[in-house]
Amino acid sequence: MSDQRSIPVTVTSVFEETPNIRTIEFDRKFIINPGQFCMVWVPGVDEVPMGFSSENSITVQKIGEATEALFSYKEGQRLGIKGPLGNGFSPKGKVLAVAGGVGAAPLRTIALSGRVETFLLGAQKESEIPFRDRLGNCGEVKISTDDGSYGHHGFVTDLLRETDLDEYDTICVCGPEMMMKGVLSVVREKCAEERTQFSLARYMKCGVGICGSCCMDSTGLRVCRDGPVFRGDELLKSPEFGKYSRDASGRKNFF
Amino acid sequence: MITLNLKDSVSVGGIDLKNHLILAAGVLGTTGASLNRVLESGAGGVVTKSIGPYPKEGHKGPCVQVLDGAVINAMGLPNPSRDFTEEIAPLKGKPVIASIFGANPEEFAEVASWFMDSAAGFELNVSCPHAEGYGAQIGSDPDLVYECTRAVSKTGKPVWVKLTPNVTSIADCGAAAERAGASALVAINTVRAMRISTDLRKPMLGNGSGGLSGDAIFPIAVKCVWDLYEACDIPIVGCGGVSSADNVIEMMMAGASAVEIGSAVLNGVDIFEKISGELYSGDGVSAEEIVGCAHE
Amino acid sequence: MITLNLKDSVSVGGIDLKNHLILAAGVLGTTGASLNRVLESGAGGVVTKSIGPYPKEGHKGPCVQVLDGAVINAMGLPNPSRDFTEEIAPLKGKPVIASIFGANPEEFAEVASWFMDSAAGFELNVSCPHAEGYGAQIGSDPDLVYECTRAVSKTGKPVWVKLTPNVTSIADCGAAAERAGASALVAINTVRAMRISTDLRKPMLGNGSGGLSGDAIFPIAVKCVWDLYEACDIPIVGCGGVSSADNVIEMMMAGASAVEIGSAVLNGVDIFEKISGELYSGDGVSAEEIVGCAHE
Amino acid sequence: MSDQRSIPVTVTSVFEETPNIRTIEFDRKFIINPGQFCMVWVPGVDEVPMGFSSENSITVQKIGEATEALFSYKEGQRLGIKGPLGNGFSPKGKVLAVAGGVGAAPLRTIALSGRVETFLLGAQKESEIPFRDRLGNCGEVKISTDDGSYGHHGFVTDLLRETDLDEYDTICVCGPEMMMKGVLSVVREKCAEERTQFSLARYMKCGVGICGSCCMDSTGLRVCRDGPVFRGDELLKSPEFGKYSRDASGRKNFF
């Protein structure tokens, strides 16, 4: 039973990616696999899962109580970081990254290591694009916006459909589940589901694989520990992926 | 090491198990799929997440810290309440024990009524140390233990009562449950505990304090099992810090007829398979031979 | 890490100490020479072995097992009784706290009377979990705690009351001691526990069960200190599993004004020096600033 | 805090050294320094300190309850052994061993390793001499008996007085405290106290250095952990050595 405790860190800088997304850098580097996450303890508020967006940062989208509290964090303030947690991506060979919104955060760690050939990034509108010019040295970055205010007018799945997947050895995906569901059907059409890796989000209470709140149907695999990254062919078998997830109490919510 | 002989089925407190190793309540027990996974990976039975009369979201995080080889948690009994019936319906016939809680005998009876069909039996959580109005707040008072147990034992289904070590006398609580018709006692739930981050100057759990589990509490659990074995005649299920076959034997020698395993799943969900691999052998002794033998 | 500023003297519950680190009762406290050695090796104060109204040989061995990073012991309160006065007479004026026990208020008063001159104050052992008729058998009943404390607080000397975690509410016991005039509360004594040798099929302590101490109980002790800090107004001395400077700070943040250290002497008698070395520095904060700060 | 737990062992043979002394061999070898001891758990009876008389044996003199119980042990029975404990001897160069009765047990471990030049052994009478022909290959073994029934008629201190101590680098001593007191005054006369090492016995409840029952005046040193072996010059400063020891309750008993 190895320790999984909250390590205190001090915020060293805050970068405003978009009006709703901020990258918080701290004074401690964690040894991570790309796609691993941490449980971020916001003292007095809550503890929530966040992907590492680099070895010493998280990138937070304002959603509710904990993320709003995080949003107000300034240099010098302290957080607890429990991690790295989960399996992370296993990028091999040429990598295609497919991100929706803040889902770019964990994919950025592959890009920072110079291993992403092509990065497809979808956002609602130009002002909502995170990590602009901060994605590391990818071969190519293609952006889509729902309203067409920047890049391709449409969804990131459109960009994906145009892409010759045979050129890539690994496809790594992270974003809202309905977007990932769309990605799954595209890669399936192109018979690439086995080399596509999806980073899932489920309600996480412990993050370390003991409480069971993040388990997927019908394998019972824990997103926090057996995941968060699962292969497309695994997800195709799941009655849950793209259909529902469970809330804090364990009740199902359908997307 | 002593090994046990595993017969076709193990019957403890009215419930038929596949072996002596049971998944403890609240650990990987939120969904039917997860419970099924643990059964498939070698558990002889599983206890569900504790289910109460109303859906609960539980405490704010952090809910769990794993430090210095021990776990502290304050989940706050999150549960989907009645919706949980559909989680375990597909497991009907398997050794699934529904852990239930309530604030009074009526609530216990009501929650129990939902699982009459799907569960092999009940485990009453009168022992969670960090849930206002529930758990240990009932389990510290032998009269309330008696009444809540009575309310469920009336159903005729096997009723295991899970006790808290955070009382002056666990034997008194066990005796009350026995009088009320419990078919087994489970000892122990977590031990009241707290850690504080000296850097952040705040308790490390969202709820402030929580319950200690894992290796650290094994000697406390052994003592509780011992005391109950001396005081009561119904079977005892040992729980707390069990992480090896030798721990299982030790619990049994103290008086346990079976054991529950919780925190040790942190070492891997295959912990049940691993322990069985060491615990059982063709020429092992029968469990009856060693249960309580250290009392002689 | 936060460091503390060490003033010339630290006063806790009416007793002047040289620093915040005190040797816990029953550990290296059988002779005056041993207590003196611990003082010389950096302890801010020392508590003696618990002394009772009659000489006692204690339980049969094994009396101590150190396993899985924890200690379990069942010494059985061996003590030379009144002869002990000559052990600590040479230490007069030093921060020596006499731990005493008895079966009733009269015995407590009598034993206290022997040390009026030689000891800086008293610590009442109403918390040993493995001594028939003494210790926790008194400490589990707030009324008895009140009476025994009263009997000694009448002497006018500082009286610390050492509490057991093996009760439903340690706060009730602490409040009783406070009402009776205690000048500080010490939390905690050992946690009821037992280990069994699966090879020998016997409990690993001669007495059967005993008390758990060391790292394993630190989170339990922190919680007890926390609860007492919420319930009482007199100073609290934290005890249980302290083995590092960070542990000291954590206990203080939970509400302790000083700490006692027992099992960690297994790491070396120089543990006091080692911890002070890390705990104190010229630019450290004052202890008052952090005592109880995690409650805010 | 490293484990100090009772390890179960099975008795493999019992050797009757004398009517009152038996050597119990068990199935497990411990890695010991000569002079280290163990706490022997006699299940259902008590736990008492015993020197290792070899890496897998103890040698027991029948004295009271626990030793009588041990005396009845047969092959196949089980004991708990906690150890090795204490510092042990530090034999250097040419070694002279001086033993009284069962005190020969811990010295035997030096002899078995072939490092004892001369072994002086005192017993009450011939039948009470332990380890006859079983002391390993010492250069020379000299025996004294109080009643003259074997070897020198008199005390082992007589043998010591006749010995040229300058020939030895280390003198290792174990036996009843009054005998060791005699030895101390002889070595002191011969100015050899600094290279003489005495193995002491005190009432031991824990054996691991936590309870304090074995502490010596006026240093407060623990015989179980800082000892049991102390140099002669240290003992000369002790107001306790040769005068008194404490019983189970901590009360002083004068010799």
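Chains here go by letter, A, B, C and D, matching the order in which they are written, and residues are numbered from 1 within each.
Basically, a residue touches a chain if its C-beta (ideal position, glycine included) is under 8 Å from a C-beta of that chain, and two chains touch if they have at least 3 such contacts.
Since this is a predicted model, take the numbers as computed values, not measurements.
Taking chain C out of the picture, touching joins the other chains into A, B | D. The set of chains in contact with chain C as well as chain D is empty.
Averaging C-alpha coordinates per chain places the centre of chain A 50 Å away from that of chain C. In whole angstrom, the spacing between the mean C-alpha positions of chain B and chain C is 33. Each chain gets a centre from the mean of its Cα atoms; for chain A and chain B, those two points are 35 Å apart.
The multi-chain contact residues of chain A, meaning those touching 2 or more other chains, do not exist; every residue touches at most one other chain. Multi-chain contact residues, meaning those touching two or more other chains, occur in chain C at positions 68-70, 202, 215. The touch graph of the protein chains shown is a line. Every residue of chain C that touches chain B in the complex is listed here, in rising order: 1-2, 68-70, 72, 140, 166-168, 191-196, 198, 201-203, 208-209, 212, 215-220, 222-223, 226, 246, 249-250, 253-254, 290, 293-294, 296. Every residue of chain B that touches chain A in the complex is listed here, in rising order: 26-31, 33-38, 49, 55-58, 60-71, 73, 75, 78-81, 83-84, 87, 197, 199-200, 202, 204, 206, 214-215, 243, 262-267. The touching residues of chain A, counted against chain B in their complex, run 1-6, 8, 39, 41, 43-48, 78, 80, 82, 205-213, 215-222, 246-252.
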